[in-house]
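The chains carry the letters A, B, C and D, assigned in the order they are written, with residues numbered from 1 in each.
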Amino acid sequence: MTDATHNTARSASITFGQFLPWLVSALFLLVMPLIFPSNAALTIMNQMAITIVFALAYNMLLGQGGMLSFGHAVYMGMGGFMAMHIMNWIEFHELPIPLPVLPLLAGLFALGLAMIIGSFSTRKAGTVFAMISLGVGELIAACSVIIVAFFGGEEGVSGDRTYGLPFFGIEFIRQIEVYYLTAAWLMISAVLMYLWSRTPLGRMANAVRDNPERAEFLGYSARWVRFYSFCASGFFAGIAGGLFAINYEIVTEENLNLAQSGMILLVTFLGGAGFFFGPIIGAILFTLLQTVLSLQTEIWQLYLGILFVATVMYFPGGLAGLLMMHTIPLRLGKLHLLFVPYLKMLGPALLCVAGFVGVFEIVFHIRNAAPGDTEMTLFWITFDSHDVLPLAVSIIAALAGFWLARRVVPELSAAWTAANTPDTERLI
Amino acid sequence: MNAPDAPALELAGLRKSFGKTEIIRGVDLTIARGERHAIIGPNGAGKSTLFNLITGRYVPTSGSVYLNGQDVSGLAPYKINRLGLSRSFQITNIFPRMTVFENVRCSLLWSKGYRYSFWHMVGRSRDLTEATDAILEQINLTARRDLPAGVLSYAEQRALEIGITMAGGANVIMLDEPTAGMSHSETEYIVNLIRDVTEGKTLVMVEHDMSVVFGLADRISVLVYGEIIATGTPEEVRADPRVQEAYLGAALEAEH
Amino acid sequence: MRKTTRFGLSAALALCIGASAAFAENIKIAFIDPLSGPFAATGTDGLHQYEFAAEELVNKKGGVLGGKKFEIVPFDNKISPKESLIQLQVAIDQGIRFIAQGNSSGVANALTDAIKKHNKRNPDKRVLFLNYSAVDPALTNDKCNFWHFRFDANADIKMDALTDVIAQKPEIKKVYIIGQDYSFGKAVAAAAVKFLGQKRPDIEIVGNELHPIGKVKDFTPYARKIISSGADAVITGNWGSDMVGLGKAILENGFKGPLYTYYAASTGITAAFGEAGKGSLKLVGEGQINPPPNDRADAYATAFKAKYPDDDLGQPRIANVIEMLAKAIEQAGTDTDMVAIAKALEGMEHDSIWGGKVWMRPQDHQAIQNVHIFAHTDGVKHDFDNSGYGLLVESTVEMAGKDSPTTCKMKRP
Amino acid sequence: MDLVLINLIDGLVTGLLLFMLSAGLTLIFSMMGVLNFAHASFYMLGAYFAYQISTYLGFWMGLLIAPLLVGVLGALVERYGLRRVHQYGHVPELIFTFGLALLIEEAVQFVWGRDRVPYEIPEVLEFTAFTVSGFAIPAYKVFMLFISVAIFILLLWFLTRTRVGLVIQAALSYPRTVEALGHNVPLVFMGVFGVGTALAGVAGVIAGPVLSTFPGMAFVLGSIVFVTIVIGGLGSLSGALVASLLIGWLTTFAKSYNVRAEDLLNAIGISTPENLDESLWRDLWTITSPQIADILPYILMVLILVFRPHGLFGKRDA
C-alpha cells in the first residue's frame, strides 16, 4: 500500500477517523476483565465475543450480500467440530500445534465446506438461496445424530484445551487467558471483515445485493460475487466455531441446528443488518437478554419474539439503523430539538411496556405457579398475583401509557421533521 | 480475438421466440465503429427485446451477435460486458443504497483490473478515486458525490446511469430510451451529455423522442414487428415511404 | 452501546452477588435443568420435587451440620449443553458446590466433563455432580469420574430388570425394539438384544430399529410394521412427544400386547394415554409410589400433591439424592470438602423412603436399588397428571444390577 | 405385500393433509410473492383453537369455527403486519414471517402451556372403519381422507368457477397482470392470505387429535410444507398436490421397509469394508431407510433446486 502516503488530506482524516473506533474497542476489550473479573462474567463476555464474530460473518451474507440464510449455523458448527477433533488429534499424536491457531484451522475447514455448498447454492439469491440453505441446514443437522463418527451423536465431541504445549507460557487453564485469546481473535476477525467490506469484492457484494442485474452489466458475475462472499462468511463463521470449541471444550448438535441458525438471523437483524456495527450491538444485546433476562423471567422468549417482530415491522434497520437515523440531526446540529419530545415519550412508553409486562407476568404466574403460591415480585414490588388490583393496575398502566404515548406522537414527529430539515428561517 | 477491421456490432439472422410467439423475426444489422445508431419503432415492435438479445439478458432462439467480430450470442451479460459492451436501462437501474461516488466507482472496478480482488482497499487507490471523480465531473454530479443515489432527482439518476454505463470504458455503448419521461430542458441536457461522453465510441440507442434521434444519430434502423424495415441516415429514413407508412408519420404527428 | 454492556453486566453480577449474600448460611444446590422451552415442564417438575424434598426431608428436621439449611438454586439451561456450561460457571462463581442435573444425557456428559476439568484446574473450588436422571450407561462406565454420582438406575440396569420380567413370560415369543436415533435409544436397543439373548434365546427379535428423534410426525407406518411383524411385545426407550406418538399409533392400530417403556408417564403422557394405555403400557423404573410402600412415603406423596397439585412425583429418586447428600455431609462433617463428602457418599447404604435400600456402588458411583416394572392403570392412590391414571408396581427386581459389570476405572484424588 | 396397500392409504392421508397446507401456502406465494414461514404456525393455531372450542362446544363446532378464526387472524396479520413490511422488500417479508412463527409458538406456550393438550378424536369416530388384510383402518382416518378430498374439490370449484378464483388463477400464471385488471388488489391479498391460513387451520383441526397438539407441532411440520411447495414448483397448485402425495408416500414407504444402506451399496458393487467399526464411514453403512425417512424430502429438495430450480411443475424461478 505505497500509495497510502499519497492520499489526500481528506481521505487521510477518514483513515484516522476509521482507526479510532478500533483503537477504542481494543482498549475496551483489554480493560473489561479488570472491571468484571469473575469467571461467570468472563464466560458471558466470551460468549458475546463468539456471537459477535458469528453475527458479523452472517451479516456478510444478509446485510452486505443480501442473501438470507436459514442454515448458517452449519459453518460455525462444522468449524467447531473440526476444531474439537483437531484438539483431540493434537493431544493424541502430540503434534506441535499451539492452541491459538485452532480457530484458523476451523475457519479453513468451514471455508472448504462453504465452497462445496456455495458452488450450487449461490447460483440464485433470494428465495432459492434461502430454501437451499434451509434444506442443507436440516440435512447436516439431521446427519449429526446419524453420523456418530464425526459428530459424536447427541453428546457431541469434547476435548481438553490444556493439551500441553504452553503457548508463550500460557496454558489456557484460567478463564482469563481464554478471554484474551477470544478477544484477540475477535479483533482480528472484525478488522478483517471490515476491511473486506472495503475491497473491490466487498463493494461489489453491496452492488449485487442492491441490483444484481446492473452488476452483471458492469462485468461482474453476480453469482461469483455471491460465491466469494459466501465462502468468506463461512470462513469467519468457522472461526467463531473454533473459538466456541476452545471456550466450552465441547461441540454438540445444537451448534449447527436450525434453532442456532434462526438465532443468528435474529441477532443480526435486531442489531441492524444495514451497518457494519449492527450485528455487534445485536450480539451484545442478545447475549445479555439470554443470560440476564432469562434469570428474571421465564417468558423471556415471548418478549424476545415480540421485540423481534416489532423490529421487523417498525425498525427494519434494527438498533443500528435507529441510532444512525440521528446522524442527520446531529450533522445539522439540531439533535437538541429531539431531547424534550424523547423525554416526553419515554415516560408513557415505559409505562406502557411495564403495564404489558405486568399483565403477561401476572397471567403467567396465575397459570403456572404452584397453587397457594400467590405471592410474586415484579419491579421490586411484592404482591398477591391472584388479587384483582395488580392486574387492573397493569392493564390501566398499559392502556394509559399507550394513550399518552399516542398523544406525544404528533409533537415527536414534528420535532423529527424539524430536526431533519436544514435551517431556512434565518434567511427570512 | 478482436478483429481490428470488424464492425463494432453485427447481428445475423437474429430470432427470438417466447413460447409460440416470435418477437424478433430475423434481424440483420451491421453497425460500424464510431457510429451513432438509433433503433426506432412503434410500441411492441421488439426494440427492448432486441436490446436484451444483444446484451446477453436473453439467449437468442437462433442467429448470432458479433461484438467487434467475436460471436457473443448466448454469453452471460458480464462476459459480454468484459468484451467491451455496456448498456443502460429503460427503467433507471442504479444502486440506490450506495452513494453516487460508489455507483461510479463500482462500474470502474472491473475495467481497472480489480476483478474479484479482496486484497486491495478501494479507498486506498488514488487512481480509482481520481478516475471516479473525473467521471462525476463529466456527468456534473460532483456536488452530489456523497449522497445515496436513491435520493437524486430523476434526471440526475438518468445522468448517473449514463455515467455508470460509460465508466467502464466500453467502446460500444447501448442506451435504452435515455430520455424517457424527461422534460424538454432535461432532455436537452441529457442529449448533450450523451454526445460528450460517447465521443469516439460506438453508440446504439433505442429512443422514442424523434428530436433526440434525429439530433444524435448518424444512422437509424426502423424495427416493426420484429423486423428491420429500413436502415439509413436520418434523411434516408425520413424519406422512406415504407417507414412513413408503417410508423413515422403517425409518430411524428403524435410528437407535434 | 458500551454503556449498555457495562450496565447489563454489572446488573447481572450484582444479581449474582445479591443472591449469594442473602443466604450465606445455607448449603446451596444448583439445579441446572430446562426451565423454559419445550422441556420446561419436566424441568419445573424436577425443581419442585427438589424444593419439596429439601424442605421436607432436611430443613424441617433442622438441617445438617447443626442447622445449615438446604437451598435449591434454579438455573435454566434450556436443555442446551452450552447454556449448561455457562450456568455451571455462574453457579460456581456464586460459591455453589453441589450441582444437580438430570434431563438429557448430552447435557450430563458435558457437565461431568466440565466438572472433571474444573476440579482439576481449581482444587480449591471443587464441586460435586448429583446426576438424578441421566441414564446413559457411559456416565458410570467409560466416562465415569470421582465427582459424578448417579442416583437413577442406568439404562442397562433397567433393561436387565425388564428382561428378567420378560423372561418369565412364556407367552412372549417375538419382541420388537424401537427407539430414538441417538445414544440412549441405541443403548436401550443394544442392552435389550444382549439380555434377551442371554435370558431367553428362544425369543425372536422381529424388529430392531431407530427413528429420527423429535422429527417423526406420524408413527402410523411404524405401527403398521410392528403389528405386521407379529410381535408379542414392544420395547422402547422413547420419551416426550415421540413416546406419545409411537405409543398411541401402536395402540390405535390394534396392538394388544405389552408395550415396555422407560418414560411413558407424567408431564402429560399419562393423561395422553388414559384408558387406551391400560393393560398394555408398562414402565421400568425405581421408586414405588403405588401401592405406597409405607406410611411415610404415602404422606410424602400426599403432601407433595397438596403443595404442587399440577406436578407429579415423577422422579422419586430425588428424595434419595437429598437424604443421601445430607447424610454424607453429616458424616464428613463438612460442606466444603468435596473429597470428604464424595468419600462418604461412596459405598453409602441408605434406607429409601420408597422402601428397600439404595447402595452407592463405589466402583462406578452408580446407585444400586430396587427396580420395578409398573403398569399404567387407574384406581391408584397417587395418580399422574390428575388423570386418575398412574403407575402401579407389577413386579420388582431387588437391588437390580448389583453385580453388573462396569468398565469404570475410578481415579480418586 | 399387503403392507403395500395399507401404506398407500396411509401415505395418501399424510399427503392430502400436507396438500391442505401447501395449497394455502402456494396460493399466498403466487399472489403475493411471499413464502409464509409462519404457515405451519397457523396450522398449529387451528389445532389449539379447535381444542379450546371443543372443550365447550364439542369437536364438530371446533371443526367449523376454528378455521374461520384462523382465517380472520391470518387476514389481520396480512393487513396490519405483512402489508407494512411489504414496502421494505422480500427479504424483510420472509424475516417477518419467520419472526411471526417464533412469536406464535411462544404465544401458544404462554396461553396453553408447554405440554401437549388433550385434544382427542370425537367418540363417534373412535371405531375401526374396516380392515385391510388384518390391518385396522380407524374411522377417523377415513374421515380425514373425506375432509381432505372435500376441501380439494371445494378449492377446485372456487378457483375455476368463481370470479375471484379466476383472478387468482390469472395471478398464478401472470403475477403482474392482476393489478392491471383493476381489482382491489389489497383486498384480494387479504382474502387470499385469510383463505390460505384458514386451509392450514382446517388441517390443524383434523390433524391435531392424531398427530398430537403441542407447541412443537408447527416446527415439526413447518419446513416440510416449505419443502413440498419448492419441490412441486413455486406457484403451481398441481405441483403442490403431486409433491404432497410424493412426500406422503415416500416417507410412509421408507418407514415401513427396512432398506439398509449396506444392502444398497453392496448391490451397486461396493463391498462392505472388513473393519466397519474403524472406518470413518461406518455410520453410512448402517443407515436404514426409517432412520432417514423424514429427511428424505430435504435431500429431494436440494437435488431439485440444484438440477431444476423451478421445481417439478413450476414455471417461474423461485
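As a convention for this text, a contact is a pair of C-beta atoms (placed from the backbone, for glycine too) under 8 Å apart; a residue touches a chain by one contact, two chains touch by 3 or more.
This is a predicted model, so every value here is computed, not measured.
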Shortest path length from chain A to chain C (each step joins two touching chains): 1
If every chain is reduced to the average of its C-alpha atoms, which one ends up farthest from chain D? B
Determine the centre-to-centre distance between chain A and chain B, using the mean Cα coordinates as centres, and give it in whole Å. 43
From the C-alpha centre of chain C to that of chain D, how far is it in Å? 36
Let me have the rounded angstrom distance from the C-alpha centre of chain B over to the C-alpha centre of chain C, please. 74
Inter-centroid spacing, chain D versus chain B (mean Cα positions, whole Å): 47
Out of chain A, which residues touch more than one other chain, so two or more? 142, 146, 299, 301, 368
Of all the residues in chain C, which ones touch at least 2 other chains? 37, 40, 181, 212, 215
Checked against the stated definition, the touching pairs are A-B, A-C, A-D, C-D
In the complex with chain A, residue positions of chain B that touch it: 55, 57, 76-78, 81-82, 86-87, 89, 93-98, 102, 105-107, 109-111, 114-127, 129, 164, 168
Across the complex, what residues on chain C touch chain A? 1-2, 4-6, 8-13, 15-16, 35-37, 40, 44, 48, 76, 78, 80-82, 85-86, 89-90, 92-94, 104-106, 109-110, 113-114, 117, 121, 136, 181-183, 212-213, 215, 307-311
As the complex stands, chain D meets chain C at residues 2-3, 6-7, 10, 14, 113-116, 118, 128, 134-136, 138, 210-212, 214-216, 220-221, 224, 251-253, 255-258, 288, 290-295
Interface with chain B, chain A side, in the complex: residues 1, 3-4, 6-8, 11, 14-15, 195-196, 198-204, 206-207, 210-211, 213-222, 224-225, 228, 232
In the complex, chain D residues that touch chain A: 35, 81, 84-85, 88, 90-92, 94-96, 98-100, 102-103, 105-107, 109-110, 113, 223, 226-227, 230, 234, 280-284, 287, 291-292, 294-295, 298-299, 301-302, 305-306, 309, 317-318
